[in-house]
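The first chain written gets the first letter, and so on, giving A, B, C, D, E and F; residue counts start at 1 in each chain.
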């Protein structure tokens, strides 16, 4: 099994294949061009600078191509950085393809599709069930392809559906422990809560915000989709369940200052807000700790008030499974 | 000309007709019932308590009826209060009707209709023009009937359209002074910005929040209406002007913590936000100052961070026509 | 089965037994004494005033006695209130005892003891396991008797352990879904996180803050207990697991402004913070909704930024189980 | 007509005259000196670095001289930057002078003087009229020369009076739409509100804060000027109109945290605060959008909470006038 | 020695002389008038209600008269309250005068005058010395008569100068411990910092805010006085020491949101801000603790974020002096 | 007497001995190594870059060695920076040792020991006296060696005890001016308040946070020490004086958001909080002003909301002793 970039020790020399995720050409202080690369393999992403880049190198080392890099991983101001000593384009004999290097959700798409489909049977409210199926169907491909965010959490292909499935699992424990929960509303809300990101973001790779993403935002975009689903399915939009479903989506950021136009006024809205936060937090911390040497603190996590997290030594966790 | 309740001096005895706006029966400490009234005439509203209310008095003194009240206006903890000494139901010979006592916008409905219709001709963007006409048409009656808020500002019949027309007038000065402004977007945005209040609120009198008002809110309700207008009018909702129009409506509260799901990213969105605030502030201060003796400070205004406002003496304003 | 106070409709007359939870004698405006009661049965608590109280009534109607009350439940400024028409002390023939009227956790103590004991076997870190057992043992009785708070959430006998068990159930789902979790730390932290409330609060009934509660607070009080446990058990307090355990307890309020002296820097600290919040929120909403007529909004919930929550009509939840 | 720096496309080569606004000599990583220039012409300002600067180049390329530059405009981390390929001092035959390159208010000084003078006739309160004339007279030259700020908005020669005139125009619409307004106070307040900047700032070019600017601030500096005007003009400073005039100046930042020592307690103070904000916001957005390609977002605007603004495509505005 | 109202135990009956500080006549729920009194003697102030007040009682029991009251001190919602059983006007034979009941600063005026005069000799900067003497002289009587605030701290006659002297004492320790301090600036700033309260407030008794107090505020009022002193004394107001003196006064609230128009940019400004806070805090806590039974917590202190303070039992302090 | 680095003028060439405080080797844009030094002597610390560092230079120029540097002090973006022209290791003939270059508290250790010992006699509460002696004894060496912070204030060897002694001096003035103060509690609290920093920080030089420092924090660490002292000294931890002592330590940051788990509820806690702030602020400003040319503003001070402080010209302070 080939070792990946984050499986090497700091300052250990290596000679590995990496995918160029992005390549920006800039002018150095010495008036020569250099390339600011972001590389990736399935262990994560890493930046690296390629100095004194010549015209043909600039042309060849484009985003999307796989390269073989000799170098090592260093720490620069507590952030990982790749120091490149040699680099060439991968060739046919190397037998590598870009797909091998892209991070993906730890669950296969089919598993996620099935888990969500099974949940649909537990949505016993007819209007909620029909609306959720309609929207899922409309954005099916993107929903299972897109990341959950451009950068913050679950920022990998399939991240959106993986985030959704993870919350659904927590939601089921909540529903079974607290009898007052309306499962139709809870599960329907979880499945739809972030699906507007398929409109807010530009795609699974080189993800950017679209104009609608910037000017309307994924929260209201879901509300629009529910409105359109009602028109298409001839569901009266004054049905209480429709209003409730819109509310749990609109309120899922929990506070006005986080971008929800209304604060939670339903038990299920409050629960979705908490579970969304919990799953995103765990994912951000997990990602950071995987790149942190035991016994030290991680880099600062932007989405968690710039806190650092400690990776414990010889934790009991090690013995787990 | 008959004097109105706020035209009498403090502690001056009077004998006038008033409309009962609301009447809550409560239990006093001495175990007898009393009625907590809110009365109104066109000079404003005032609270007053009716002690030791008998069964038949409770039945007769209902909201919506006109009464003749002997009493005086007092200050209780810096708030005006009516001290009732005698009170009876108005009769036919009194020749008074509830309409005479309801506060209304200072402009007649027809004037406001005309002013808004004239503005439509200045909206030269075809999609914006068609959407605005469609929604105005759909909610025409309510738009010219409803207040702009339950309590805070323009809380009187016709207040919603009056607030809109007032902003439009300011908007025209802005458009003529700053050449970079897109008038279609500015005027379209002003007209639609609060029209969701026709769904958020229950009506022109005894106004309450509806379920949709509480759980979705007037800002997103307008966005839904634009979405539905596009479907009805076969306008592609990816047209840039449609996205811009949605944005100026969604962003008009200016900050996330004031309930906008996105902050202004368009010049026109920023302008509408400022003018909306300006007109609402002037209306709240004006209303408070009308009830404040010159040389003293008004009661605290909730919508303006509980500030009090000073009513100057012998102001130059007095000489103004 | 006897109906309880919240099982009667608003304004429906009843004749029921209630426990006097507290009884404050005050002077009315008419210079006579009245008693401000808080009554309770297992459906909840309710306030009521008893006017013109005579000396012997004041002496007899003390906190802790069961009374038979004729009256009805009213709404006063959107808060429930008991209107008393007649009231007498319960007698032997009534065959009622105070215990029958006290709210308790929905789980029996033995069930909770067993659930927590079972969890102890999953704490495989020796120092954490020994410390948790030592402290649990020391405060065993109070831990299963005390409420989780004076007023905010789980404010009933046994509420502290019930809140702990509820979080433990969620914690197990989290541990099974996210492989990076250290279960010893997570479960140990959950069990200890609020146990300082047995020192912070005065007891299971008529709960007040103690001097140590006011001046040190339950968070630091747990830290002190861990320090003392280490001394007693001869565990080196520099052991990493001890430091981690202290941290997850100290950080469980999540933010400095909520009273944690440190913010979470461990994955498990972040998770405990979220689950603690989630369980407390659900309990507060549930309690409020049980007293709210379907189709209306609850009273404001102090612990949730004064939000009101909507109790939906004919919710799908009704059909559940 | 000669094209200006912001009229060229990004990355289009040009050969134009520019004024050196500032020139800082620094040491590069390669131990050679470079010059960090800010250039300007009437289309705006732009930074550019001149590498490997020799002694005589450092001596010749000083702030205030006009140069001919060959190069192109680039984007560096979303900020415009000038890439210099060649550069020489302009000579007599080039027939260019620094004044041609300085940004100025879009109105001529005489127009602004006249507009303000005309307004003085509408200030019918004698004390306000005399005070305003006295102060205007004292700071006349600076008032029509200075910028309105060092960097944030209207940061060009004549910007202070231009900002004042722009607000006056809005103020007149407000006064004509809302009858409760005291025009003497409103117009007097607008004219004086920022005149303390003639003391706070060092001058029209290379503007810095003075010691009084830093330690007293322009708001209190105006209050001092009113105090001194009263002494000079023998106006009793306890005259209500004087107190009101001071208040509208002191309160014009609207909130304590924005540097006003008192919050608005007069209708006119509230209005001036809003109009000041509105005009400054429009100016900042306008300036940013002029440098932004249609269909993209501007750089972040510091004075507007770091928001970016979108420059729409084929906006209807294009067809205007 | 006659015992004062706060020297009696709670609920202990007494028969003492008190000064009526204020007397508001209000209407009770039973439609009879009652008087809401505030009484005071040198141990503090206390409220009390007088029910069923007759016309002649209302006329006789006016603010400023001394009465003999039979009653006791009670706690009402944790606030002290006087329960009146009998009350009559004091007569000549009682040999009491209002002055005996007014709280005053614990130092005699002459002591304070001397202490401040001595300090003037340590102000070696000529302009600061002259300005401080000029202003002190101008407001001499009020400065030694007024309270330091209407309610918050040092709210008694002479409180303003007492607060000033207390800070001066601390300031001298600071100056002797930290050699970098400019004593002229520090002592001059301390003496002037709150002297604007002689204009902001209406007088030593029944203190209210004046119009200038409300619309300009004591901080800027001092700045105006320095400006006028410079004119009168022909001191150039651009002298650095004058600017520094203005700054330490303007900045003494420490933060913009507390009403300073500039934040401290001088060491001495920072020191004055801290000492002002420290002295005010100690005074507020001391006042509250004097009315608090040992072993219990005080009422909430508004000026200290509504915190309560604990009055310890058998504190070592008891043995002091 | 040899001149120190901050005693030379800006841009004046010098040839002086400096201690290397830290030396980080980094890669320059030209692919050569450079060393980022922090140097220090007793006038302060200063950064400087050494370009094109060779292997043997990297090996020789290590932290802890004294070097002779030719160069000058420059300003880079308003921060002082050392421009190195030549540099060599100090040799025996140079007769310099690292100790000569380390900043230390301005008081000798013995003076501080004596001052604190004398204070112990004024702590008349037996439990407080014994606890303070026990903890002081346990951490004696570190307490007089450590800095008070890693960077913010008193960041030099002995800074912790120096900060403590400085506060004690202020505390004695407070105790003598305000009779309500409990001196045992005040002095005991001052001595212990920051002693947890001996556990939180790693040592007197190259100071870093320890794991306990990061995860528990110095405030709670003192509380633990008091708990352990009680166990060791057989003092009942429910003694009121023990609870009070813990409280003044826990509350000394004054607000929850500054890391205190409880806010001050004791007069002495409030006083310690203020004096701690005052002494830290003066130290930070003093340090900054020493490096600031008279007539200019200092660099921004991070610990004081990034404010800059003005160093006045020809201040009266100059004449002081």
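Annotations for the structure displayed:
In this text, contacts are C-beta pairs under 8 Å (C-beta built on N, C-alpha and C of every residue); 3 or more make two chains touch, one makes a residue touch a chain.
Bear in mind the structure is a predicted one, so any value in this text is a computation, not a measurement.
If you take chain A and chain D together, the chains in touch with both are B, F.
The minimum number of touch steps linking chain A to chain F comes to 1.
The chains touching chain A as well as chain C are B, F.
Annotation: the A-D interface is duplicated by A-F among the options A-C, B-D or A-F, judged by over half of the residue-numbered contact pairs being identical. Two chain pairs, D-E and E-F, are weighed by contacting C-beta pairs, with E-F ahead.
Centre to centre, using the average C-alpha position, chain D and chain F are separated by 43 Å. The geometric centre of chain B is 59 Å away from that of chain F, both derived from CA atoms.
Multi-chain contact residues, meaning those touching two or more other chains, occur in chain D at positions 29-30, 211, 214-215, 240, 244, 265-266, 297, 310.
Pairwise, the chains that touch each other are A-B, A-C, A-D, A-F, B-C, B-D, B-E, C-E, C-F, D-E, D-F, E-F.
Contact residues of chain B toward chain C in the complex are 26-27, 29-31, 211, 214-215.
Across the complex, chain A is touched by residues 28-30, 34, 51, 76, 83, 297, 310 of chain D.
Residue ranges of chain A in contact with chain C, taken from their complex: 124-125, 128, 166, 169-170, 173-174, 177-185, 240-241, 244, 263-267, 270-271, 274-275, 277-278, 281-282, 285-286, 289, 297, 304-305, 307-310, 312-317, 319-321. Listing the residues of chain E that touch chain D in their complex gives 211-212, 214-217, 219-220, 223-224, 227-228, 231, 238, 240, 243-244, 246-247, 250, 256-262, 265-266.
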